[in-house]
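Chain naming follows the written order as A, B, C, D, E and F, and within any one chain the residues start at number 1.
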Amino acid sequence: MPESTPTHVSDEVLERFRKITSATAYSAVWRLAPPEGQEWFASANYQLCLMRGVKAYTPGRTLVGRAQTLRFVPARPDLLARTRKGANSPEYLAMAKCGPNDVLVVEAHTFDEYACILGNMKTRQLWHNKAQGLVTDGAIRDLKMIVDDYELAIFAKNRSPAGNLPFLESFEEGRVVNVGGVLVIPGDVIVADDDGVVVVPADRAEEVVDWIEEQEEAEEFVIGLIDGERVPPGKYYPITEETKERFRRHKEEQAEQEKNAKETGE
Amino acid sequence: MPESTPTHVSDEVLERFRKITSATAYSAVWRLAPPEGQEWFASANYQLCLMRGVKAYTPGRTLVGRAQTLRFVPARPDLLARTRKGANSPEYLAMAKCGPNDVLVVEAHTFDEYACILGNMKTRQLWHNKAQGLVTDGAIRDLKMIVDDYELAIFAKNRSPAGNLPFLESFEEGRVVNVGGVLVIPGDVIVADDDGVVVVPADRAEEVVDWIEEQEEAEEFVIGLIDGERVPPGKYYPITEETKERFRRHKEEQAEQEKNAKETGE
Amino acid sequence: MPESTPTHVSDEVLERFRKITSATAYSAVWRLAPPEGQEWFASANYQLCLMRGVKAYTPGRTLVGRAQTLRFVPARPDLLARTRKGANSPEYLAMAKCGPNDVLVVEAHTFDEYACILGNMKTRQLWHNKAQGLVTDGAIRDLKMIVDDYELAIFAKNRSPAGNLPFLESFEEGRVVNVGGVLVIPGDVIVADDDGVVVVPADRAEEVVDWIEEQEEAEEFVIGLIDGERVPPGKYYPITEETKERFRRHKEEQAEQEKNAKETGE
Amino acid sequence: MPESTPTHVSDEVLERFRKITSATAYSAVWRLAPPEGQEWFASANYQLCLMRGVKAYTPGRTLVGRAQTLRFVPARPDLLARTRKGANSPEYLAMAKCGPNDVLVVEAHTFDEYACILGNMKTRQLWHNKAQGLVTDGAIRDLKMIVDDYELAIFAKNRSPAGNLPFLESFEEGRVVNVGGVLVIPGDVIVADDDGVVVVPADRAEEVVDWIEEQEEAEEFVIGLIDGERVPPGKYYPITEETKERFRRHKEEQAEQEKNAKETGE
Amino acid sequence: MPESTPTHVSDEVLERFRKITSATAYSAVWRLAPPEGQEWFASANYQLCLMRGVKAYTPGRTLVGRAQTLRFVPARPDLLARTRKGANSPEYLAMAKCGPNDVLVVEAHTFDEYACILGNMKTRQLWHNKAQGLVTDGAIRDLKMIVDDYELAIFAKNRSPAGNLPFLESFEEGRVVNVGGVLVIPGDVIVADDDGVVVVPADRAEEVVDWIEEQEEAEEFVIGLIDGERVPPGKYYPITEETKERFRRHKEEQAEQEKNAKETGE
Amino acid sequence: MPESTPTHVSDEVLERFRKITSATAYSAVWRLAPPEGQEWFASANYQLCLMRGVKAYTPGRTLVGRAQTLRFVPARPDLLARTRKGANSPEYLAMAKCGPNDVLVVEAHTFDEYACILGNMKTRQLWHNKAQGLVTDGAIRDLKMIVDDYELAIFAKNRSPAGNLPFLESFEEGRVVNVGGVLVIPGDVIVADDDGVVVVPADRAEEVVDWIEEQEEAEEFVIGLIDGERVPPGKYYPITEETKERFRRHKEEQAEQEKNAKETGE
């Protein structure tokens, strides 16, 4: 059973996601139609896409990238005997996969909101590799150094001076994780800003960003109507299919006019 | 049964509230004597005046204004069939009442702290109307845009990229609401800053601000004594009735001296 | 805008609900198809039907009945001056509507989980009227007496020795309430047992109980298959449309055989 | 990397665990000396052995058995396409491994404490296999039927009428899980009663039960001293090494006397 | 500064408290008039009398007695070097003071709701001394044994298999404690039942029980009126001063009639 | 029993602590070896050294100083009659002890996270005395003024406009307190920054700072290796005893070279 998604989201698609907000990404994923053949089945939706208990620790920064996953579990001597392998321990293998368009996504899953997963020593590898940032439901240590020196975007549950031991230990990487109540499959797209962290399934990413780009233009169009008529936004919002059609016609007309103007201008 | 309070708090009184802190407003409301005829009855107090779980999302901003109320309830198709009326939906009717000295106060009352009541599209109406701001026990979406573009002061439970549906829907406006464990009757005065959000009953607002203005002057006087004598503040604080009398005499003497100086000066 | 639902759920339908569990009621409401004309709209579902933070205080008791609603808000002297009317106060008007097939459903909506809405003195009216029981997100006082003497089924947030004042006061009855994060419209059907409290919209109640009765028979049929073949339940569960068809054929055959047996027997 | 522990705890050792309490098991695991070669390393302990947020739903029942593990993750259509295999879905494979001395240990790891992992239909397989019981940090549905009909001991986070979809789906079995903040490796010993759920690492299980049996005898001896002298328990408790030696001598003397008595008697 | 209250509550007064509920005790303490000379001072009340987060672990049992206090703090080696004195450690000195009309009241004050203060070994001293029971905001270990063998009434935050070390250590006894957010001065009266735990200040105990006894008779009288007239309880409840006067006259008349009947009868 | 620690931490040692982070302080205290004679006893550790629920309210500020302690308890009229002594009330006696290298450490221990311990009037005394700052598990009022005017570093549970009465009252100073789940003995060293608040036992403070200074140099050395070889940090981190020896040799060699260079240079 292959656990990384077969769809590789291209850097071009990621670039398009960089222009949007987590709020728009949420709406787009939330409304995704179920895949063919799973239409009327209770579970055929993508609505659990917003991480809970994870917030921005680098306010003002947007984070977009492909997820590389890492899972911590509670530490125990017999477990450590298996997983501790110096530079080949799971956390380093995971960070080794994080290049300039990647985000390390870490399941800490701990009752102790002060138990940290990583500090400035270990995350140095993310800086070496020019990764985008880090998303976790655990705590982060030495946060000031990580932010000041490594310029990573950080979304976490908490910050704290505590270490990972004896509470937590990295266990496996490159498999599905549950972070903040959201499933993350390696390769999924992370879209995060001060409003929150949204996960976009890799195999629907392009469809999602297509919808978003049109929706954002339509919202701009509608804002023009609202401001022009000085009416309550409820007249045109939420955007009905009818209003969207009106927007599409308007866009076509504009394109036509621009084309004519250009031709005339020549 | 009229639900908006019969007392209209004037813009002049609001102006006086703009100079004080939520802490002083709290003390003043908390100590309000019961109305005549309800003296010795367990409930005859105003002590539930501080909202819980609502905090400043525009740090450094003070918010003072008359409350215009809106109540959300969990959404259900048969409910939406009644309440969804485009520009006449309850949220737009409520925002239509919000002028330059008003605050939209919204009961979300939801278990899901990520369910938003409003985002940048809908709150555009508050900006059109030059309202002071928004207070809610729900979450707000697109917060960056709302703060940057609309200059509203925002006090909320949370921020999040999620929408209101399918969780919440606006239900009624202009009636009493329970926000953060505090009763708000339309027309009440909201006094909020980084310390918190306090509700001042409209029919006691003038009495409250009178007490505050004298109390603040008395505190300045007492600070003078404490600093002058270099003593523990406990010598003069909390301010006893005796110290307050001393302050009043001091103030009269000062006024007298100023008057004399003026007469002499002429 | 009429707030009680136009559909009156008959005593016969309630009787059918008495034989089922809250788990089956949950599944049935959760899967309700959206009403015609609202098919592809994010909010067109009934999934918020399970109360949170409300649990059984009369373990072993099932509670089924029509909801009569009551809403508390934080107390304030000027509010009490309007609402306190002795025997005509909102709580008594609400209890007056509760007959033998009714359930009092009370929104307390309080930050203080020890503030009670009612105790043995007030709930005596429910006993007079032979009501089924009481569901609330607030606390109940004198619980032992209420359970021992009045034989009401009680589902609540907490029990406590505190009173309602100065925290809470009954404010209105017969309108929609939000209890445990679920919308309740007067007349809706409450189905509660030790697993939890589920709200069935009145205008879908008959459709819901129809589905449940067939589903429960189908589950019995499937259990027969699983036990007979000694296989993992996953072979036949969740019940696919195909298995359900098999069940229906089986049921028809059985009916046929019984009919024949009867004719032959005569 | 083999994930089930190489040590198989025998039925005889389990039988010895059945006579003790979770409190004694906790003390014994908590004080386990680190394995050789890991003595002075911060993590070399076994102290995270008590599950948090998991409580007895079959009060009065003790549960002892070998752990068979199962892990749920948040559901998503592309995940279900991989994991849903009818009778070969992960939950059925896990239950298939549960014989008369086994306990199904399930990681739900969900923000929604009302999302259930299993109900009466699926757990029927545990009853077929005569398993000991079920431990989970998720909720259980149809609890009454499970307890009444299947006689399983149940330790869970909650009970609820909700299903697992669209919130959770079983993902993998037979690998390490994190339940209630405790690492469970397949084959570990579960010792649970009304006080709580304790996990005993399989490779230390025999050593643990040896220590417990002596400790319990020593406590009985010390209780005799305390009652005999009518002194504060602090005189002999906590049991010092010195008192334990006194107990051992006493035990030897008793054995000696019994032996002599027997010889004399013959 | 003497810390135990100068008022010794007699066994006779305790006997009177044994007949009432925690709900009535709460109402009586809550409404206590401020002491003379502190009438109009914000703090002059006794309203923080109900313990939060402390519940009955011996359901059905009422607990009434004088408080003997004990305070735990987080453990540290240099602290233990001072406080650990075998039979003279603070917990044993506190239990030594607990006779047949006493209750051990213990402040645990811990973030870890699984850290226990005491188990069956130490509480044996309470059984030796025939104490009434134990109230704590910490957890209790070996609860089954304590309840079954020692017949103590137990009110606690939690139960757990964990010990007190390395989390907590008893520190001092016989001084004021804060348990469940309520101040307890040694000698105060504890009134606890399934509804909750209420603290009655020793120097007001007699006044409190006097008020309660009359209030309970008045409630019985009012119930008679409500049942007789078959009216909503709101007609006579809450009991106004006027209704209480009517009750007092009724009681006097009854006494008169009984006296006459007796004289006539002779 | 003397409650302030016999060890006075010198200003020189405090100066050395000013250069480190709370994360390093945590690691150093956490790994402290038990005192002689308590080696193998469950409680012989210092691991509860990180305050929970206490966070920085003056972000960017580091706070280092000796703890002066103060304890609040729930208010009650009979308690206030004993403790309220104007300038000699416990809070003023505690602040009187706070000089330029001291930190006021306050146990609030309240269920109401909005009840404040102090505001701008009372903390004026800390400003008079040039104290370093304030650490508390309670809330602070008038925070803006305290931070702007008094330049204190503040670590607290919350901020709020509420006062201390009728919830809390200062009770005693100069004795051990439990703040955020950590024992603080007067004289202990507080090391706090944006990551959190750590308590260093006074009698181990010098040993702790010695270890830290070497550890920080060793980490710099290891960072050099990691960056130089461009390897995963796991190759050299966590720092083994072997790597530390290598660092020490390197340091000696460097010192040697510098000495030689100096001699040669001359």
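The criterion applied here is as follows: a contact is a pair of C-beta atoms (placed from the backbone, for glycine too) under 8 Å apart; a residue touches a chain by one contact, two chains touch by 3 or more.
Please read these numbers as outputs of a predicted model, since none were measured by experiment.
Engineer: Looking at where chain A touches chain F, is over half of the residue numbers used by both copies, so same, or under half, so different?
Structural biologist: different
Engineer: Using C-alpha centres only, name the chain that sits farthest from chain D.
Structural biologist: If we average the C-alpha coordinates per chain, B ends up farthest from chain D.
Engineer: Chain A and chain B share one sequence, so how far apart are they rotationally when you fit their Cα atoms? Give it in degrees, rounded to a multiple of 5.
Structural biologist: It works out to 120 degrees.
Engineer: If you line up contacts by residue number, which pair in A-D, A-B or E-F shares over half of them with C-D? Let me know.
Structural biologist: More than half of the contact pairs of C-D reappear in A-B.
Engineer: Find the geometric centre of each of chain B and chain D from their Cα atoms only, then give the gap between the two centres in Å, rounded to an integer.
Structural biologist: Centre-to-centre distance between chain B and chain D: 53 Å.
Engineer: Find the geometric centre of each of chain B and chain C from their Cα atoms only, then give the gap between the two centres in Å, rounded to an integer.
Structural biologist: Computed from C-alpha means, the inter-chain centre distance equals 38 Å.
Engineer: For chain C, jot down the residues that touch at least 2 other chains.
Structural biologist: Residues 30, 42, 52, 163.
Engineer: Considering only the defined contacts, which chain A positions touch chain D in the complex?
Structural biologist: Interface residues on the chain A side: 1, 5, 34-35, 38, 42-48, 52-53, 73-82, 109-112, 163, 165-167, 169, 171, 176, 178, 180-183, 185, 201, 203.
Engineer: Per the contact definition, I'd like the list of chain F residues that touch chain B in the complex.
Structural biologist: Its residues touching chain B are 85-89, 91-92, 95-96, 114, 119, 121-122, 124-125, 128, 141-144, 159-163.
Engineer: Flag every residue of chain D that touches chain E in the complex, lowest number first.
Structural biologist: Against chain E, chain D makes touches at 21-23, 25-27, 30, 50, 52, 193-196, 198, 219, 222-223, 226-227, 230-235, 237.
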